[in-house]
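Common to both upcoming complexes is subunit A, partnered first by subunit B, then by subunit C.
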Partner chain A sequence: MRNDLFLDKNEPVPIDRVDGKAKVTGTATYSAEYKVQNMAYGVLVGSTIAKGRIRTIDIKAAEKAPGVLAVITYENAAKLPGYQAGKDPAKPQATGQPLRIFYDNEIFYYDQPIALVIADTFERVLSAARLVKAQYEKVAHETDLETNLEKAKRPTGPRFEDYKRGESDAYKSAAVKIEQQYYHPIEVHNPMEPGSIIATWESDDKLTVYTKTQGVESTQRSIGDAFKMPPENITVNAEHVGGAFGMALRTWPYEIAAVIGAKKIKRPLKLVLHREQMFTNVGHRPETIQKIGLGATADGKLVGLLHEATAETSAYEEFTEATVNISRFLYACPNVTTRYKLVHLNICTPIWMRGPGEATGSFALESAMDELAHELKLDPLDFRIRNHADSDPEKNLPWSSKFVKECYQLGADRIGWKDRKLAPRSRPEGDWLVGYGMGTGAFGAFRSAATIKAELAPDGKLILQCSVNDMGPGTATMMTTVAAKEMGLPVNKIKVEMGNTTLPPGPTQGGSTVTSSVGAAVYDTCVALKEQIAVLASKEGSPFHTAEVHVIKPEDIEFSESGISLKKDSGVKVSYADLLKQNGLASLELTKESKGSQQPYSMYSFSVHFVKLRVHPATGRIKIDHVVSCADAGTIVSQKTAESQMMGGAVGGLGMALMEDMVVDHRFGRPINNNFADYHVPVNADIPAVDVLFVNKKDPFTNPMGSKGLGEIALVGVAPAVANAVFNATGKRIRSLPITLDKLIET
Partner chain B sequence: MSHQKTHEENHPDKGRRDFIKQSSLLTALALAPPALMKAADPGWEAEAPRLLEQPLNIEINGISRKLSVEPRVTLLDLLREQLALTGTKKGCDHGQCGACTVHVDGKRVLSCLSLAVMQEGKKVTTIEGVGTPDNLHPMQAAFIKHDGFQCGYCTPGQVMSGIACIREGHADSDDDIREYMSGNICRCGAYPNIVKAIAEVKKGGKSL
Partner chain C sequence: MINFDYLRVTTPKAAVDAIVTNRNAQWIAGGTNLIDLMKKGVVEPQKLVDITNLPLKEIKKTSNKFSIGAMALNSDVADNELVQKEYPLLSLALKAGASQQLRNMATVGGNMMQRTRCPYFYNIDMPCNKRQPGSGCGALKGFNRMHAIFGASDKCIAVHPSDMCVALVTLDATVVVTGPKGERRIPFQDFHRLPGELPQKDNTLERGELITAVELPDQPFKKNVHYLKIRDRSSYAFALVSVAVAIDMQNGKMNQVRLGMGGVAHKPWRLKEAENFLTGKAPSEPVFREAAKLAMRGAKGYGHNNFKLKLGPNTIVEALIKATATS
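Showing the complex of A and B:
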């Protein structure tokens, strides 16, 4: 929904997704869908134990099965040079030793790949994979975070030292205080497109892969490291990615397996994970137990805050995220201590999932804020405004921009916050209890380097190239929007080419950085292009060059589809075709790297989410009536896709709040619900009207457009808004996600 | 996949010939004790799946095809892996996500749960048969207008279900649409926009 309060009325109508036609007609090609000659199919066989060693592995029957081309295990796999050097084959996002597929007989988690079966058809390989039989030497596994808490250790490195501002434990002596524990289960990204790769060795040292990744260059480096190949010998394509949400932020062992397999059979190989493997082999949002201690003066000024988190990681790597960091800066509080620890368990290494850490952390912090507001008999919004941080209390820096109070106001108006009763359980409606809640989100507003190559053709067509790709937010649409505005071109004159390592370098799609990085690079490239055009227009012989005026500046020029004209006198004009011809150019080409610089400001995007819901106490059922998500994300660059991204984050947050929970049977160390029937994600009937509101005020420091990221703040803060609304409706405080009906049913 | 190529067009009676051959092989298989059979013909296992291929007459997006497929091939894998119709997506392969939704004789069907050989004589419509980038179906146009997707991976299934939802008479209210579209998961969370798109097409009143 457009928020006209803040929108510039002269902004053009938001454009449709530029790859929309391809996506709605099924012509957009995802990794597993490229047509490659003579392709074989691979299936990974997983271990049936969670810890131990493979004693024997019998592949004879599988090898003899019809159509089978190879069966690869640790016993017969070619040793990767990158593995032998002990070097990281998969670019660790963590310290430790990333899983080396087919390296030895060690088993670290259930469903860890132990064999790759390859055959000439999909049916044949599925059938043959069942014939691989392994015997194990089992060792007692640990998969239960709660029973292993005493093993919790601080992760390696100074970043994970305890954080302390002021006195620790100050909250304990505050006039009003709470101390509570909050639980977050294992949540799994589960993009609709499973992990997929097609690997083709063009020659002994040249490789092409189509793979599901959020960063083609990072995949290129990771494969290069594992196979000890120069990156330029590896081409990685990932133009369309069917969702990822963090799952494709690293190169997983299955991708390395496919590359090994393709080399062995000397044929292109396609490997697509089954949905079950998407739960066990490509990371997850880690199970986390948190404690919050929070104290305030009687009039609602925060005195002290303690935030502790203990999360699981795999047996072989330290995966870390910024779970407790949000407590350091979200509110003005003189005494803050945060502590973060890890427990190694027999599970695949987690990976950042949308709003990583911050989403988990804000569930605890924003629930606790609601609890303390209740103790203080204060409206939770009022309580937050009393503790608003006017500058960053952690870094001691001013904010580059912060419009959280505006978000409070916008959202409160839209959801009807004035109808919320201070006392819980005060709004019965028939058999239902109605409640309102809110939660705040924040995420760093980062910018990284990106290079754009632009080519302007005589007919005014502009081609933009960058290796960046798109898992859904609408990268190409955003790039097109920026260029259209800067160059005065209609959308259909702009073509974006992306998602391939042969293109100029771009960032990985993660951490809400793409618009700030690539959008800014497009902006800077257009500025440079306009300068070049101005130089050409200034030359002798150009209609712009007169006896008086020798130098034309870009700001003197009106740029349009047909060419350029003088702002002061639209009669003075030249088409791009003529301008290029006069200068003997076939087209105007320009490549520009663009990056931000260190600024003496603290840069964050903020969001505030409001939820109105109803609970049916007799059955425990929760029905979400209305979600309002407000974002302070600087200038909104691409209105339509930005709204969708916020909406999608709200839906993800409702999943986290209400249903997502991968349950592990600790007796066997294996999940019992690794499929879409048993692991619930939101479906259409779960989702009500979602209103998205943007403050849409330019941040003066983040990048030339003044945008801040959206992807993470769309989700961070949604779950506590739900939990707080449930409390307001029922008087029941649920501190353990997901909030399922068994926790609310009243008999 | 060379020896498992789908036998098409030019061999109108190939399917029938194959079938007779297979029938006699099937009889032989049924009569012989397994151990004996193995000993007698060690190569049979390798050949059996191919010989067990079934003829399949099917109309896909208005084109009649004479194919020969193994009985274990799903309609989804036939479309994606053998006929290069990759618009239909595989999200779970277990009937749990809706990404593979196609129309069989006008009704929505999960192609991952349907064996190809069961579609004998039927008319299958996939997303490729609904509209093209230059000639969009109203449902496809409405999905673009309302931004009813992000990554686009669930989208062909949503479009197929959306059309069926209206045909079934299940699009009279937003709540109805939500309920009858709940077999199609969208992990990007485009649901509210999907509802808007379907409601608008329904309101347009065209028969689909």
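Showing the complex of A and C:
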């Protein structure tokens, strides 16, 4: 039973990351690393207040500093035509008026850019930037979610109406119930590569940018909107992205600033955000306060579930995420109500961060499930199995595929769940207390359109082109894997060209969609390519064309590096070189758009995370012993990069559980730990062995490969697994992230 | 960061002259703290005088003392065989600090001169009496999770962040300095100071005085030593609380005891009352707990750091148990 759940051992050896060597040897070029002739350097100066207006801004000293080419502020900046029309240069991410950089003197949040200083060298611009001095007219700011909860209101639009199935209060009269509040602080994405852009105006209406983005086409559209330029006049390059986690899903004001700056100085301009600005100017996972009411029958059947969340957003936009949605479908429960509200604060607009919404929501839901299991004296796994949703109770549709029970089994076996004691604080080991916990994750298995251009050369080399880029999961590797398998080609015969708007359109990298979308497009393109090859092979003069057989089908053909042969008779063969030559072709080219269709199924990826840890009650120290992450993500397309992605998600989840917390001093409206020394993410020494297990069962409906996305479910559910393990170890329920040692110290 | 001049010197005299003649000049050694401070605009020297080439890297043992040059790298000291043999506590404390990369750059003198990690000190838009006297203490009623529980004033509740210095104060080190008025020696426990009314002054150095070496007396603490650092992650994090223990065990009793604490005060903290209490006693957890209680006398929390009042004594007890476990 168990063996067939693992990856098929007959599969070929998984391939290495195709760009791995370039990345570790430093030859992969990131946006800020491109060499552009005559390039100038920009630095953004930020507001020192969180709300109010700029009264005066003195740039004279900065302008006179050595090497300075320009100092741009709202007083001297060209007003963007897209701004004046009030158009949203970052649609469709958020409702509201996006921050218009250098537009007027309004200040909405601390460190909002108020000036762009440009000089001929990096050192000179840094020095000059210190000379810009602003005076403000301060207005009382609001940055504290807790003290502003009464201002919470539903976001605009029907999507955010309260969701109600059955009765809202059903949980209250259940035999066993809990009602608790859960807190999630501000988390910042902070990829290693900071926000960076090089903008070059090739002419008055032609622009080239190298920028950090998860979608070159979305950046192209956003800049086009802001400057009212046809998108095709803008070329966006972002082949390699040094991590993003959602931070580069929209075009930020700093990118627009660089484009404005480059136009002003009529030279290419490079602008790289400082690490501090990565905390304040490019979004974050919003601070969220959640309430869960959960009730069950005495034998552990869920009766009712209430999930309310209130999150912050900026003063100028409504950023929303699906925080409460996971409660609608994860378990079979007749009575479910969810509510979602926002509070406007003086902070930069949040942006989707890995497992957006679901990561926050699952912390509350999966903690609450553990709490109720404890009340019921049930094993939390058993409790979940009793409430397994056999179909989607929200959409009333069958699942396209769901193997959560298999994930439970795999993970429980690997972590040693049988050693877990039902009663908390029952496993002391020396001065430490050992505990086990688990949490479930889910995320929609989406697919969007993608177009692939393929070119097969006479020597069997295959070039695949798509504008999609790679923020780290291994998109090029995935594409190579799919093509290698379909075309019978070795990896080194396949070249992927990506991350550029001059290439055929592809999706933005976000929402765990790229393998489903681009992988499927590569698959479909290879199928079409094989059909074309079969057509050429069927022609008169081809060795495949005989008196009896005039039509060869792709399934009759063995495709290989050297060419094609007949499956039935390998002696009948032709090289690609000869086949192309016979047909007067230099190469075989094909461009194909591929997209999914509406299906009467509910499509989700699922994950189950298991954590074994120990707590030292005298000092509150937590040591993670073992993490097992199991995924039901359909067919695993690229095993190595999929495993890495799951591991990365687990590490991110551990950071969320134990460390990440951007602290704002509300007296000043300023973050006080906006640097990597004070804002903690895990280091290697914090991370134990992370085992990744895949169910690896094909989903019949998502796409031709049967894959489902992995990026988000890698993280969703990790934090509650940690919190639940802490409870099992100590008997202490921590409902406020992160679980730092001060919350666990006992006298 | 502003533009600055850069000068490299090769003799202590030239180093001192360069500083004495220019009020806006500052020495730079490993730069692991100063560069951050310059990037953030906390300090803006117009001239940097690079002292990494001074002939002050030697680690040597003479008949009655042990001397470590001020320019010796933290990693070299930590890995030095003599240090590991004679002063294992110092090696342990050094290895608990920063990261390997930082220790490869940071010098002994620079480690002593590093500034507090108080976030209000680092953000120039915030009030901070240490950075800008008279502007107020942002941490006092602000976010003060990392802050002092001993010896603070209403002007400043910052802590000294070093691990190495906790070992040095525990081991009764002496700081050798040279300056315009010649050479002098400062007992380590008098080197750093409490904030009082002058939080801008971290230590008792006079302008133009250069640390040339740290000296350690002969000591019996070779075996029963421990450095326990409690922090928010396993590496590259400053101590919430750290405890340095050095004990000389004779016939099952604690003949000599040295106890130091980090992350709790404006200077590396020495626990003499607890040392005296423990001296002559046999090690046991109740005895350690009593000593920890003595050590915590006068401790005061400021809100976010109240947990240190519980963490402190528990860390002292654990460190004493670990130090005495190897008999």
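A few notes on this one:
The rule is simple: the second predicted complex is superposed on the first by the 741 of 747 C-alpha atoms of A that agree within 3 Å, B and C clash if a C-alpha of one lies under 4 Å from a C-alpha of the other, contacts with A are read in each partner's own complex, and residues count from 1 in each chain.
Just so it is clear, contacts are C-beta pairs under 8 Å (C-beta built on N, C-alpha and C of every residue); 3 or more make two chains touch, one makes a residue touch a chain.
Just so we're clear, the structure is a prediction, and the values are computed from it rather than from any experiment.
Put simply, more of the residues of subunit A are touched by B, taking subunit B and subunit C as the two choices. Using the contact criterion defined above for the overlaid structures, shared-chain residue A:Thr29 touches subunit B, although it does not reach subunit C.
In the superposed model, A:Thr320 lies in contact with neither subunit B nor subunit C.
In the superposition on chain A, A:Ser367 makes contact with neither subunit B nor subunit C.
Of the two partner chains placed around the shared chain by superposition, neither subunit B nor subunit C is touched by A:Thr288.
Look at A:Ala677: by the touch rule set out above, it reaches both subunit B and subunit C.
In the superposition on chain A, contact of A:Asp742 is made with subunit C only, not with subunit B. Shared-chain residue A:Phe122: touches subunit B; no touch with subunit C.
In the superposition on chain A, contact of A:Ser512 is made with neither subunit B nor subunit C. With both structures placed on the common chain, the touch criterion links A:Gln277 to neither subunit B nor subunit C.
Subunit A residues in contact with subunit B (one complex) as well as with subunit C (other complex) are 66, 123-124, 127, 675, 677, 682-686.
Contact residues on subunit B toward subunit A in their complex (touch as defined above): 1-4, 45-49, 70, 72-73, 77, 80-81, 84-94, 96-97, 99, 126-128, 130-133, 136, 140, 143-145, 147, 149-156, 159, 177-179, 181-195.
On the side of subunit C, the complex with subunit A involves touching residues 1-3, 41, 44, 117, 119-120, 122-123, 125-126, 138, 141-143, 145, 230, 232-238, 240, 307, 310-311, 314-315, 317-318.
Per the touch definition, subunit A reaches subunit B in the complex via residues 16-17, 19-30, 32-33, 35, 39, 64-67, 120-124, 127, 190-194, 240-243, 245, 272, 274-275, 470-474, 640-641, 643-645, 647-652, 675-677, 681-690. Considering their complex, residues 48, 66, 123-124, 126-127, 130, 431, 618-621, 658-659, 663, 665, 667-668, 670, 672-673, 675, 677-678, 680, 682-686, 740-742, 745-747 of subunit A touch subunit C.
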